[in-house]
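Accompanying notes for the structure given below.
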């Protein structure tokens, strides 16, 4: 039977981590947003558009990493030590990668995943006028493949 | 050339919506989290686990919907009028659906998408001890298919 | 059977208020914190202590009223229009009264109750060094009688 | 004369705790909300209602514990290490108990008290349609007995 | 005797604005940060540095505008309708200008002033390694001239 | 060429501080708000006005110090250990001084500067009805001289 460390007896709780050791920890997560070819082309060819879309998404992601324990109920507040957000231009999508470092008592994978999610949501918001069809719908836009690519302590 | 309403001249800005009309608006978004079969089975068969995982995710999502304009830089603050969060048990995944209603000047698709993202991240957090392999990695967990399924005014 | 408007089918949700009317609304709540006689005497006789304890509690309460919908999951965000926080010196306690006004779609009693709660918690924090016994416990301090004293629309 | 550690010279300030030791700390607080017999009976007999009311209150309380230093002006930010929220069914009321653990420089009683307060406020919000009389008032609802039941370091 | 609308009888309060009219409102504020010549030269000549410093400051300012009523105790929450942040290269300084638009019951000059302040603080943070002297002090850095340049309704 | 520690390769990032030492740190910042003579006179001669204006500004500043890492994107979250906010009555202005202490991995000058900025903005808000001219403009009000006066570790 799998273990659910945030559930005890009959209820959810925030597990006590005060006995765990402060160690250096790193987590890396990634994900991608699929966009219309015209939108991707505009981002690729236009420095102004690209710069503004990705800078906005990067800063939103860094701020969101620091807010993770306010968003995810059982997540422990942690002294985030460093955050790096990078974007890549893929075939039909833009991918985001977020690395989070801390010196603390629990892992930072939820922080990295939250950063990736907010980076991709912000890209969506920044390009939404380009992605909507004539009925105001988003037939081609989607967020895919959010996963943890690395997690370690040292 | 696609339009980017959050970029003007050479910079990002929060577009002025004060001339738009207050109307009834609805947006619906969905997405899914892929989990190990053992985790899904434990959620399916255990009322306590299921109740706690999904209740925590639902409440996190509702609170996140109300925080959208603090997370997404160019998003307008809106008087969120109603939020409903539902979960479905799929083949290899749990899906989340979030509907947001408002009476306001801009659409609420970013709110619905933020709600879905935080619902799925919270499920991840609630089951993370069950999803980790012996090296502390998440080889099977991923968030997929976050999209807007409906958007309308009336 | 009583009605539970925040529960629908099998789940909690934020009820849709977009069809309700914007009207002027007022709610008034109160509560009291019971303190040691020596603490109350110090507050009564010392202008500096009294001024700082109550000013800090008042401002914390006003800020908390504006944060109510981030603290109470199913609470609707509302354009708070006015807040007044008053304190009275009782027999063995200090009482706080908070009045909240809005022009909006739902009542503001949760805002007033949140304001009273945070006002009283802040008084506790401001006097905690005076209320602790030699073992660091609070044998005499308690918060009592938080209730809604008036609620109306016009 | 009692000591007021948050007041110095003529003004409120946030006392410097950087010279204090990081130690394991626990605080436990409790309180109760008095409700109509019909509301209590509906919560007792209805699994759906009970589950949703208490799960919502529990998660709100855990999130509020982590926000304590944003709500209470002179409260120090602390790396909250664990939170457990429990409810009991009393004679005419529901009681909430919150335990907070940390490894840090100051006690966590304000965190536990904030958690209890928000748990009880959230119960109020979840049952408010059942507690209101025909004039929209709350003649029987009140929050009572919020106190610290245990505080220790180790 | 000047009027102090946030003080009534003997205490601060949040004045009731529910009787005021919803109208279109604009406020514009500006300010400047004085920096070392070498820092200004690096920003002027380096696209990467300039782009990142100013994009970060712009997004921080837009988010801060939306948080004004959580930072300034007596400030009313307002549906911010549009925000534009611009920077100019001056003689020994960078200036920031923030314009805020709303359709609401009170003016938005505090929002514009908060946006300018956070824009300039963020520039300081982004260039602080370049501004510090060998003792880690900031002998040449200062923020000056924060003022409201325009305020109107229509 | 000056160093910009928050920019790496082509992008802004939050520099990793996990390898730095936890030490005692202090930062002190100050600034001033220039006001009309009538406003300054009313503050000087009226205990009620002075008390309320400065108490509100002080508490807003202390809360803002604790929110610095949510406002300034690349700023590290830090366990703020103590905050003291003082005001002085100058010739044509009120000055604010904020001292912040921590035991942590990075300096707290951004926290002290944020505290000063929010203290001065709150004074502006508290006296704005007295500072406005008949056209609702602020011809004489401005914030000047925000700087770091001391920064040290021990």
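The chains carry the letters A, B, C, D, E and F, assigned in the order they are written, with residues numbered from 1 in each.
The working rule: a residue touches a chain if its C-beta (ideal position, glycine included) is under 8 Å from a C-beta of that chain, and two chains touch if they have at least 3 such contacts.
In this text, all values refer to a predicted model and were calculated from it rather than measured experimentally.
K.L.:
Using the contact definition given at the top, which chains are in touch with both chain B and chain D?
P.N.:
Expected: A, C.
K.L.:
Computing the C-alpha centre of each chain, which chain sits at the greatest distance from chain E?
P.N.:
D
K.L.:
A-B or A-D: which has the larger count of contacting C-beta pairs?
P.N.:
A-B
K.L.:
Match interface A-F to one of B-D, C-F or D-F, accepting only the pair for which over half of the contact pairs are the same residue numbers.
P.N.:
Checking each pair in B-D, C-F or D-F, only one repeats A-F, namely D-F.
K.L.:
What whole-Å value do you get for the distance between chain C and chain E if each is reduced to the mean of its CA atoms?
P.N.:
Chain centroid spacing, chain C to chain E, equals 31 Å.
K.L.:
Find the geometric centre of each of chain E and chain F from their Cα atoms only, then give the gap between the two centres in Å, rounded to an integer.
P.N.:
13
K.L.:
I'd like to verify one number: the distance from the centre of chain D to the centre of chain E, where each centre is the average of its C-alpha atoms, in whole angstrom.
P.N.:
From the centre of chain D to the centre of chain E is 36 Å.
K.L.:
Would you pick out the residues of chain D that each touch at least 2 other chains?
P.N.:
11-12, 52, 55-56, 59-60, 63, 67, 73-74, 79 - these are the residues of chain D that touch more than one other chain.
K.L.:
Counting only chain pairs that touch, give me the topology of the graph as line, ring, star, complete or other.
P.N.:
Shape of the chain contacts: other, as it matches none of the listed patterns.
K.L.:
Taking the touch rule as given, give the residues of chain D at its contact with chain C in the complex, in rising order.
P.N.:
Going by the criterion above, the answer is residues 1-7, 10-12, 31, 36, 38-39, 42, 48-49, 52-53, 55-56, 59-60, 63-64, 67, 71-75, 107, 109-110, 113-114, 117-118, 121-122, 124-131, 136-138, 141-148, 150-152.
K.L.:
Taking the complex as given, what residues does chain C use to touch chain E?
P.N.:
Those residues of chain C that touch chain E are 24, 55, 58-59, 62-63, 66-67, 79-86, 101-103.
K.L.:
Once bound in the complex, which stretches of chain D touch chain F?
P.N.:
8, 11-18, 69-70, 73-74, 76-79, 104-105
K.L.:
With touch defined as at the start, can you tell me which chain F residues reach chain C in the complex?
P.N.:
51-52, 55-56, 59-60, 63
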